[in-house]
Every structure is written in C-alpha cells, then in structure tokens.
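Below are two complexes that have chain A in common, paired first with chain B and then with chain C.
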Partner chain A sequence: MTDTKNKITVTIDGIEHDALPGQMLIELTDQTGTYVPRFCYHEKLSIAANCRMCLVEVENSNSALPACATPVSDGMIVHTKSKPAKTAQESTMEFLLINHPLDCPICDQGGECELQDLAYAYGKNDSRFDIQKQTKKNDDLGPLVSTDMTRCIMCTRCVRFGTEIAGIQELGTIGRGESSNISTYVSKTVDHELSGNIIDLCPVGALNNKPYRYTDRTWELDQIESISPHDCVGTNIMIHKKNDIIRRIVPKNNPDINETWIADRDRFGFDGIYSEDRAISPQLRVNSDLDNVKVADAMDRSVDMIKSCSNNGQSIGVLVSPNLSTEEQYLLSDFCHQLGIKAIDYRLRQRDFSEKSDRSFIPHMNINLSDIDSMKNTLILGSDLRKETPILAHRIKKSADSGSSIHIINSHESEYHFQIGQNIINDDWVNDIGRVLKAAINLTKNHLPNNIADHLDTIDEPSVKHEAIAVSLCQSKSLIIIGIGAYSDSQYQIIRSYAHILSSVCQTNLCEISEGSNMIGASIHGLINESTDQTLNFSEIIQMNHDLLIMYGIEPNDTIYQAELIECMKSTNNLVVFTPYINEYFNQHADVIIPIKTHYEGTGSMINLELRNQSFNHIQSMSADEFSNIELLMSMYQGMGIQSLSVSEINDCIQKGIETIAITAEKISEIPDTTLTTFLPKKETIFNMYNTDNVLRRSKPLQNTKEGLSSK
Partner chain B sequence: MNELLTPETKKEMDHWLNKFPKGKQRSAIIGSLHAVQHQNEGFLTSELMDAVANYLDVPKIQVYEVATFYSMFQTKPAGKHEISVCTNISCMLRGSDAILNHIEHKLGINVGESTSDGKIFLKEEEECLAACTGAPMMMVDHVYIENIDIKKVDEVIDKLTSKS
Partner chain C sequence: MNMLQLLKKLSLIDFIKGFIVTLKAFFRRKVTVQYPEVKTPLSPRFRGKLALMRYDNGEERCIACKLCSAVCPAQAITIESEERADGSRRTVKFEIDAFKCIYCGFCEEACPVDSIVETNIFEYHMTENHQRIQTKEMLLATGDQHKDQTIKNKKKDSRYR
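And then the complex of A and B:
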C-alpha cells in the first residue's frame, strides 16, 4: 500500500510534514506527535471509523473528516485544533456521553480511562439530555474478563480483536441504534489464550480485569518492567504492584517480541505466587516430622549431606527447573561441575534421550520472532502451537492471514485459527515427516551421505500431500517449527534429525520451541565448559538410586516422568528440595526443605528462543532475614569451600554462551540408528497450557478457565 | 443442522451464494435470512440462524448481528401475517396514530405483539416506507396499502382474520 518513492506533503496545524501515499491521516498525526482523540482506532486492528471522535478539519472538504479513515493526499491542509474540528469533536463527545453512566468513582477504569480523559478535554460540564440512560445486560465472559456493558461506547475494538487477532468470532454487535450492544447473543465464555487483551483494548470500563476488580485505584500502583516466565518467548510485561504485592500485569509493547499482546497466562499467572501452599520456613526432618528451622541450619544440613556423599559426587542427583534465571542455572551447573556431580538435568519433558550429542544443538530459532510475520511457507511439526507459545502462534496467524501456506504434521488434531494447507494427522506421523524429507530430496536432487540414503530406502514413497509440503518448503521464506509435542515424543531424535536435514535440503529457517522459559539459559554452562564430562539425562537420573537427591524449583507434576520421579524421591536416602511451594510429596519424603523465591520475586536474566537476553527485576525489597536465590546458592558454595563466580562474571559467560550458539549455525546431519533406539512406551500427554509450571498451577483465575478445569 | 432448512430455502440460499465471490458468503446472509424467515412463517429462531451460519460457513455471530440489526427480521415468535403501520412524519400528519390505535384495539394487542391465534403480528416500529404520496399507509405481508382510513383498515384485517 505504501510506496516509499513518492513522498507527499501534508500540512498539519500549520506545519508541513512528509507523508506516504495511502497512509491514514491519524497514522501521520501519531508519527508527528499531534494528538487526535480516538476510541475505535487501534494501530493493530482494522479501521472501523465508528466512534467519530477523531474528526478533524480538512480544507476544501464540506465537513469534518475522521482522521483514522481519511487517506492523506498531496497538499492536504489539516487543522486538528481549529474551531470546526473542536466543535465536531465536542459534539461527538456529547453524543457518547448521553448513555455513558457516571460511575467513574466505582469503575476500575477510572484514572486510565480514555473516555474519562477525553471527557475532561472535550466534554461539556452538563448534559442536555435528561431522558433516562440506557442500561445493558452483562454477559459472563468467563473468569478472566469482567463485563459492565452499560459503560460500552460501541467502539467495537473487542469485536475486531476477536476476528482479526484471536481468529474466532464470538463477540459481535447485536441490535441497532441506541439499543445495540456488544454480546455473544447466546452467552458464551471467551476461551482464547489471548482473550485478556480485550481488557487493554477496551477504552472504557466495559471490559475489565476480573481478578483485579475493585482492588485498587490505578494511580496507587507502581510499575516495574519484567519478562513473563511462562514460555520461551520472553514476553515483555509491566508488573503493577502496591506495597510490594503484584496487583496486576499488563503488556509492555515490544514490537520485536509480543507487540502489544500478552497471553492470558502472562497476565493472570502471577496469582500463583500468593497461593496458600507457599513454603515459608525452612524445614528439617527430625525423626519423622518436619520441624521449622533457621535458613542457616537448613543450609548447613544440606552441605553436610553433600559432604557425606563421598566418591566424587557420583551418588548425588540434581533436578533443576528450566524456568530459573540464567544466573541461578549457571551457579547450579557450576556447583555440580566443581563437585564432580554428573547427574544434573533440567529437561523435564523430553522423552527420547537416545542421542548423546544433542546437547550441542540447543533448541532455538535462527530468525527473529518478528521475521515470522513475513514467512511464506511454514511446516509445524508436533505442536499444540497456540497452547505452547501463544505469541508465536499469533505471529504464524499473521503470516497465514497475509497469504502464506501453513502445513501441519502431528499425531493429533489441535485447534488452529487460520487456514491450513496440508494437514497430516497420523499415529505414524514421524514416518510422514520422513516421506516429506524423501519428497524434498527427490525434488532438489541433493546428494546425500550414505547413511541417510540407506535410511530413506526404508521409508514409504511420498504421497501427493508430502510432495506438496516439500514443494512449498523449497520456496523462499520458509520455516520449520518443532513443537513441544515433538520434543516430548518417544521418537524425538528421529523427528529432530528429519527436521534438521529437511531444513538443510530445502534451505528453510528452523524454530525449535524449548520447554520452560529459559532452557537455553540452562544450557549455557554446558556449552562454554566443553571439557565437562558427559552428564546424565533426566530419565537416567530418576532411574538411579541416589544417596542424595536435590530438587531445585521443580515438582513431580512438572515433568512427564511424574510417577518415576515420585519413586525416585521415595527411594533416595536423603532428599533436599529448594522450592517455592510445599506439596504432599515434599511433606512425605523431603529431609530438608529450603524455600526459594519465584521468578516474580527474583532478579536476573533469561534467554528467549531467539537468543535474546533480557533481564528482569524483583517486586519487593527483602528484609534482613530473607535470602535471594543467588545468595542461597552462594552460601552453598561457601559451605562446600569452593569458589563461586560473581554475578558479573556469570554475565560474561552468558554472553559468550549466546555467541557460541549463534555461530554454531550447523544443523544435525545424521539420522540416528533406529535399531539402537530403545523406545519407551508411547504415552499420550495432553499439553495443558495452564499446567506447565508450579506458579500457573496455582493461579486461581487460570485454573477456573475451561482449559484449567480440563486438567482436573 | 442443515436438515432444518427446506430444499426451497436451500435453493434460494444457493441463489444468493452464487452472486458473491468465494469467501464473501457473508453477503448472502440477508437473502438467506429472508428465505428462512419465510419458511418458518414469519420469525427466526436461534437454531435456524445457526443453520444459516452453518450452511453459509460463516461465524454464528455474524448471522445474529444481521438478524438483530434489520427490523424486517423477527427473532421472537410472531404471527403469520405481518402488519406494519408507518408512523413517520407524513403518515403521522395524516392521522396514522389514530389508525394504529384503532388496530391495537381491534386486535386486542399492543404494537410488537401477535394475536393469540398466531395469525396477525403488529410490528413494533416501522420507519418511513417511502410512500409519502399515499400517506397514511401500511404494509400487510409485504404489500403496500395506501391512503388508508379506519374503514379500509377494518376490511383488510377482517379479510386476514377470516383466512385460514
């Protein structure tokens, strides 16, 4: 639409500006810093031009024109603050206020309400309408969004969000004229992983944050920038807190990552940190009971346990959450490294560990998140993409909406909100990936190493569908996504090899979704300390008998090996858990419980799947008898009499690690020998987006949604 | 769900569907709703609207939006014969209010209601029907009757009520 060659000139309030043909007037005024009031216009949504608030005077036009729907033209002279413009804006405001209730003192939007702000600027003191105001029925939109539809000014931003962003049309405009209202007609809850964004879009108090309802006035809140810890995208958020307690979370606009959107779990997940089962006091098992003790005592006991395990740490197992800050991960890995502990892992959902070398290929993506928008051909392998990474799924939707073809190969159907090209759902889906690879090789006539050629002979001939996918991927701007479904599959290594080779053959980009929020951070230590002997994997660790098992930030529910892990906790002689939460298993089996902070209460950095290193801040000042997670780990080092790195040294290592991943551009080029693979029995694990970490599991609003209740 | 629609209705809907390019089925909603409302003798139900959405392959809410927006669609049960009396400016000046009053009394119902035998539906509000030259006027089952007075109204209504 826009053509950079033909610049045109538009005069706004007496100042000449360069503009691009096809640009809407409001985009230009926003760029040049001239404020034009608006309700229905939103830069990420289509243009509706139905609130009429943005009327401006354009010379040689009979009437005031809506800036949001008026394309600029050369020589256009616009007045945004002239008498005719003001009159038009004030009249619009008078109409909007006819039916708007004057309940600002009890409205949560008060203080951050676009209507309230503009009413101050453009509204009249009194109303000429003394007829009765309209009242409207409220729909129940579920546990996340509260409705006060009487406050609605019919801007239809929420309706357009549903159609254009969420890809579902559940809300609509029912009725006409004065009696029109936003409704679902037959009452339906809005079940979308991004549904909370309609709270931010609503310019008035009609759609509000339900859990936050009636808790604070917005001007009492302090704001901290942070990152969401619930998936590997690294969504930017703003934490709003009062008295060191998080009251709500809103998006932080970052065009490179999440734009203005955040997923519902980024917005409502924090509720879990105020759960009643938080671990508050350190505890030691004395005889069969857990007694409350001081932190120092619990730490001393842990250190004694480690010391009493002789033979170079061989009998110690360490299980770590992939959601920790990189600094914590680094210290933990380094601690184990120095003590010769080889049994440490954070891969809670990987089932197939048959390839020993896979730690050198860290799952990540080799393009930026914002590049996904312009991809033309995408193949999604083994993923419930909308649940695994809602923001990434939204970017895929954007590319699909602009005409790119999206293909899917998976073991089960999952719901998508965009047009799908080839959709292969098959129990033997791994074979289908092989057939696509075969089709691609036939197509490109690439020479292959013998072991691959031999392997391909064992695969069925590709069908028309497989060929169609191969043809599509061999075009420019293509992308292969490997989801968590594939990662958790018992044939992960083969899937991954197929995908990597397919990516090399077709020269596509590659995106591997990693589990947790900071799996890449967790792998940094292993990367830059290449001399490290081969460490054991999660599956091996929980099948061994340990003198001492240390669990850091994880619960049995976090892993697909739940039953095996519980067995392992029972059989170990000593169990030390560092945990923000108490659960029945810890109560029964732990010998030492040391409370740690959650992500929201800590500080540090995380690396997202595009290798972007972002830091976050904690929400509270700590009292003298409290310890940060880093301080706890440092005291372990001290107790063991070993040297720890300082935080700034760790940061240097992190930088080095990221560079190492970034320059290792090579891909897996070998197919694992299937005959050597020991297949674990295939288990059906349904990915539940509100059950992926210990905080989300305890967030009451999320657990009351359809998705939350489905795991009960 | 499609079995709620009769073959004639489907034929009519196909006619509208064929008028618009693929992916623009939304444009066929008004025509389709007319056909379905006719099939159901004067009003739409949620099930019928869902059936239209399903047949046209559009989100249900888009059909609800259209059905609730236009006054020619009834989303509540209504009588078989539809009477709408114009009360806009020209007709009002020529005595439409008195005529409407008379009809209400005669049928024993208020505007927006249907007679208990389900025969006649007196439509709530009718905007100008563009027949000011023949004011006052009313529309009975989509047919204009112009220059009406009490006597003429009586005749028309008696004829309707005597019909089976």
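And then the complex of A and C:
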C-alpha cells in the first residue's frame, strides 16, 4: 500500500498532478487526459521505448525524454506541447516516414491507422529524402494474419505480444539497424489461439486481418457491441458490419473479462454464418422427399406431432444446444415442463451421468475472472485449457508470470505456455486426484465422514508429487480448475467430487469450465423448475426409441456420442429439427426442418462461467417473412395452447436464478458409488478448438489453420 | 399635367422607344447557337459525365480506395472491393447513380490515382429507370472512348491545380 507520504507531485503542461512513485510518465499523462503520441507503448505490454514518438520536454534535463520509459519523480515539470517537445516528436515522425510507403489508399489500416493520424499532427508536408524507399519481404503467417512488412515501423508490439501474452515467441526481430525485420524465425505460420490480437496491436498496416483484406474501409462499417458465443468466458466483442453483413470482429475492452484480447475463434468464427449449407427454407418430408414449405406449415406440422405424441402418451425426446441464448433455453425448458416431457438435455459432451443430483451444483466459478490474476496456487484437472478457454488460460498465464505455481493432473500431455510446477500425466489420473486429496486430508487433519474415509482407504498412498500439490493448495489464494477434458471423462462424477472435497478441505476457490457458451443459462432451469428429479439425461435419451425427437440447434458432430445420436435419429419415428444448418443426417432422417438464427443474427443474453449475465444484439433487420428464434418458440406455445412468459418476465426469472445459484451453491461433499458405470466405453476425445460448435465448424479461415486442418 | 400625358399618348413615343430596343437587338451578334447542329465551346474544366480511366497498358487505374465514395456529397458511388488473384486491390463493383450525381467533381479531386474523371460529355440520356446506374464496365468504356479528349482537357487545366 502506498501511504500519502509517498505521493509525489508532477507538473504537466502547467497543471499539478498527484502521482505514484515508480509510475511511468505516460501512464500519468494517460490518467490525466494529456495525450502523448506513441507507437511502441501499449498498456498491456512491457516497455520497449524504441519508437521515440513519446518524447517530451522535462525541465532540468539535457534532452527530450521518452514518456513511456521515464519514471515520475517529485517536482518534475513536464511540457508535452512545448516547442522542444514538438520538435523532437516531429523529427521522430520524419524518420519514421522515411521508409514508410505511401500506400494508404490500398492499406486496410487506412482510417484507423495510428501512424496516419499522427502524421497529420506531426508530419511534414513534404519529404526531404529523395532516395529509394526500402522494401521488405512478406512472410506467410497462415490464413488469419496478412503481412505487408514494408509498412512496418519496428515498434515490436507483435514480438512483445508473442513473448509476454501468447507465451510462445512466434515472431521476432531479425537483422540490425535499417535492415532489421519482423519475421517468423523458421518460416512457419502463426498458430497460437490468441494470435489474431497482433492485428489490433499493430499500429500500422503491417499485420492485418487476412479474411477481411481489401474488402472495406473502416468508415463504411457500423459497430455493434456483442458477446462472443464460442466459449463460456463471455468475451466482449464489437461486430463491424456493412449492409447487415458482418465484415469483421474486433475486441471490446472489458478489464473484468477479456481485457483487450479475444481468441481467434471469437474473431474469425463468424464466417461460418455465411456458409453455403445454411438452412434457408423450412422443409417437410413428403413421401421420402424434403419439400420447401412456409414456416407456418412447418410449425403446424411439428405442433401436430407434439400434440399427438403427448396425447397418446408416446415418448418425446428433446435435445438442446448449450450455446443458445438463455431466453431460448428457458422457453424450451418451460415448454417441456408444461407438457410433462422428461427427456430433455443439453449436456452433449458429458459422459458420466452417474450422479442424479448433478444439477444441484451448477458448474461455475466462485470468483471473478479478474481475480485469477492474483491467484497464488492453481491446480488444473483434465483440461486442454488453452484450447477450451483461451482467455482463461491467458489469465492463468498472467498469474504464473507473477510467480504463482500451476499444477496439472491430466490424462494426456497438452501444450502450455507457462511454467508448470507439478505435472502429473497418467492414464489413471483420477486416482492421482484422489491421492492429492488424501495428502491434503493428512496435511490438514480434517475429520471426514466415514464413507469418504473408507473410500480414500482404497486409494494408494500419496507420493511426494501429490503432497507438494496438496501443500501448495492449502496456502491462501488457491484455485482448482476442472476442465472439459474431465467433464468428458467416464469418471467425471468422481473427479468432480474429489475436486469439490479437495476444495473444501484446502479452502480453495473452484472453477468448473462448462461446455458451450451458455451451459449455465441452460442449467438454471433446473433451479427455476423444481421437478427435475426424474428427467432423463443425454445418454439415456439417445439410447431410447422415441416417437418424436426434437433437436434444437445441435448437430451430431457437436456431441461425443455422434454415432449413437445418428442411430437415435434413424430409429425415431418423427424427427423435428430446428437448425441453422443442413447436414447429410438431417437430409436423410429429418421429417421437419425449421431454420433458426445463429447468435450473430439474434438477440438475447448469455451467462458466463462467473455468473455474469450479458446481453447481445442482433446484426440484421429481419424481413416480414422471417421469424426470430423467440417468435418461433412462442408460436409453438400458441399452437399447443399453453401460456408462455414474456421476454421481460423470463429475464426476471433468469436474474432470480442467478442469485439463487450464487447464494445456494454448495459444494459436493460425497463421493459417488464407483460401481455405477456408464454404458459407453471410454473413448479418447481430442478437443479441437475449432470444432466445438456448428458455426466454428463452417468458418473457412479457422478451418484452414493448423488446428482446423488437424480435425480433418 | 393631363395635357402632357395626352400628347405622350398621341405621339406614340413609348412605342417607338420599345421598337428601337427591338431593332437594336435584331442587329446585335447572336448569343444562341443552332443546337444540336452547332455547339458552344466548353471549358477544359467542364464537369460532365463520369468515367474511369486506364493506364496505357490497359490496366484499370482504380485501386478501390473508396475515397471518392467517401467524399461524394450525394452518395452516388457504390464500391465493393476484393483482392484480385494477382494480389492487387481491385473493385468488383463500381456503380454510379447518374440521378444522384451532382457533378461537383469532388471524386475527381479525391482520387489518388486519377482514375475517376469528369469528361466533357453532357448529352446522354436513358429511357428506363434502372439505366441510371452506371456499372464499372460502362464507366471504363466511357473512359476508353473519350480518353484523348479528357487527357487533353486535364493537361490544359493542370497548371491551375
């Protein structure tokens, strides 16, 4: 803590300001609203001071000093707009412009270029250099980032991003002086899951958005705030659209969630909504052929099917995507509850359903995302963290860089960009978690209920490694993360209860990464409607023969039970599919296909893993014959003659639901019976970050990356 | 007073004054021409129908920077661009709505590559509403057709620019 004695006073342009010792001058000028021009300085990156654009005049100093690398001192008098400061800045600009090409008219950065803006303010009208300008070679950085290295002003933001944020140095500076160049060391593509951020970091047009290349100028685009629908973090994004078509996506700064970064799939994923296999017209199966019909006809037919099945007591199964907006999920779940349909589920990647009271503790995180930075000890269980939630992984990296110890227990090796303490990779990794728990109990001398004590007796004694993890977790500020790898494991319930008990024993925070972007929103229905005890789970639903199966927003590829689901689709008598996309399985088996909108075309809200309720906006105005997803669902209610809540009432219910979880969330304190086995054999599931939902699967730029190609 | 007015009326002096004006105009040099057989001379600065120019090697000049559409006060220009197979930035759609265009010449001034120019054509017409949209092909064809005259005009005016 800094007490008032440590406060110092700095005079900037004649106005006195309080400053903290050790603060850099540019931080103070940014705080006080005095603009100092800069290229290489970025608040999230280390200080390089190599562009020299932020030179300011400091009294009692021989020469102008770079504001980004000059710490404030008491009584400092700074002039940012005096003649010497201005001369220094103008001279720097003149040097920067020597080799910068005059291709602004064809540069995609034109209009949002820091160099262009500052050249207006600090540039000279004509150049004093008539020698040939330098040109540089362009590297191929893969399908996401385009390069025009001649435009590079060597600010090295991209290089520092690689070492400090991404953790893998993909780009580097080669050569010296005038011949220095930014390049990949051994010509390879940029494959990091956050690599798209170098597009925003680059102050000039040297690194740019490849799919967007040469399509639009910035001033033509409209900007809409939204939420990325590709993982449970709820990354804030800005959608840039022109004529109701998304042209690109850029990050929206939110210090509580994603800071200024977004993952590549948030940036380039939207391309999937312009895929050729979008479902455009509703279709009905007539004599084994699918015919295009009107929406009303398709809805009537599906309502008829639901009516006849529910009146005759025949079985209806409903499979719902965990990526839907909370409003849609609420309407679907309420619809099923009112009709007494018990077979409804959204857990497409969960393998172990042995715990019936599974929904009592909704997978979430009991701290805020920004708190992760300050965690001192973290244990990651069964997670390809970088692929599952790149933004969360970045937070973990930040905590690791500030000295916290990260331990990993997993079934397979995966790549991490931070220092790892204990790394236990083992086929029998579930047992290892138990051994850590045992070590923690030995350490804390906690008294446990007999059943847990009996269970722990069957586990091997902890080794040094396990004890080290336990010791580390028992310190303050520790966190246990359960990943999607664990979620999809055949012993998920055991892993989960081990983690919960470990968390209670060591008094750590707990974070459960959930599949899809809004699984928590889907889970909340379990709290709102109390009658969830007898509901069937996903694996039970797809094993049954239904008279009617309704699939809402999911494809067989979305689930780990792909073959079983296809089999179920085949065997069901009537298949009603609400889908944004057509695929071969729907063409073969569906009786009714009703097109729905994707996230990018609708409105609604989503709840991220820290229980933050965020709303997103539609990007397009709809024509009269189009229906939003909510309107479709409401018309289903009308067709069945049952009452539905209005959207505002639903939002109230959701808000109540969130508050209820936040209050009542009790950790699991029992270990489930290990004799309960799941019907599906254990399969190795490789988590592919560009294959998690139907939009990403169809995004051309992402599918051309190394990760995208690896799934083919 | 009344007598004076009566005399003026009777002598028809106002009529004669009027006829003198007419007579003078009758012998004065004529300002009108027999359009369309005869045409008035045009200033090299005359702002007529828009056209797109090419380089001497046949390559279109336009690089799709969209500055003309940004500066156009009537928003008459619609451009869509993409990366051509050879990696250069080119338009895929360049349309001018001739009804919207107010012939202000801002687009010509904004163009960094002297692609969009105003020719001295002022006589053109259309019979259907949709023909007011001039496509890229039409604009390039206009440019090709009036290339020599346009270049001559621009050269004449260049020292005042």
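As a convention for this text, the second predicted complex is superposed on the first by the 693 of 712 C-alpha atoms of A that agree within 3 Å, B and C clash if a C-alpha of one lies under 4 Å from a C-alpha of the other, contacts with A are read in each partner's own complex, and residues count from 1 in each chain.
As a working rule, a residue touches a chain if its C-beta (ideal position, glycine included) is under 8 Å from a C-beta of that chain, and two chains touch if they have at least 3 such contacts.
Since the structure is predicted, the reported quantities are computational estimates derived from the model, not experimental observations.
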| item | value |
| --- | --- |
| When chain B and chain C are modelled together on chain A, clash or fit | fit |
| Chain B versus chain C as contact partner of A:120, first or second or both or neither | neither |
| Partner chain(s) touched by A:215 [first = chain B, second = chain C, both, neither] | second |
| Contacts of A:172 with chain B and chain C, given as first, second, both or neither | first |
| C-alpha centroid angle, chain C to chain B via chain A, nearest 10° | 80 |
| Chain B versus chain C as contact partner of A:184, first or second or both or neither | first |
| Least Cα gap, in Å, left between chain B and chain C after the two complexes are fitted on chain A | 29 |
| In the complex with chain B, residue positions of chain A that touch it | 168-176, 180, 184-186 |
| Residues of chain B touching chain A in the complex | 46, 59-62, 64-65, 68-70 |
| Chain A contact footprint on chain C (complex, rising order) | 63-67, 70, 80-83, 88-89, 112-113 |
| Residue ranges of chain A in contact with chain C within the complex | 105-106, 110, 213-217, 219-220 |
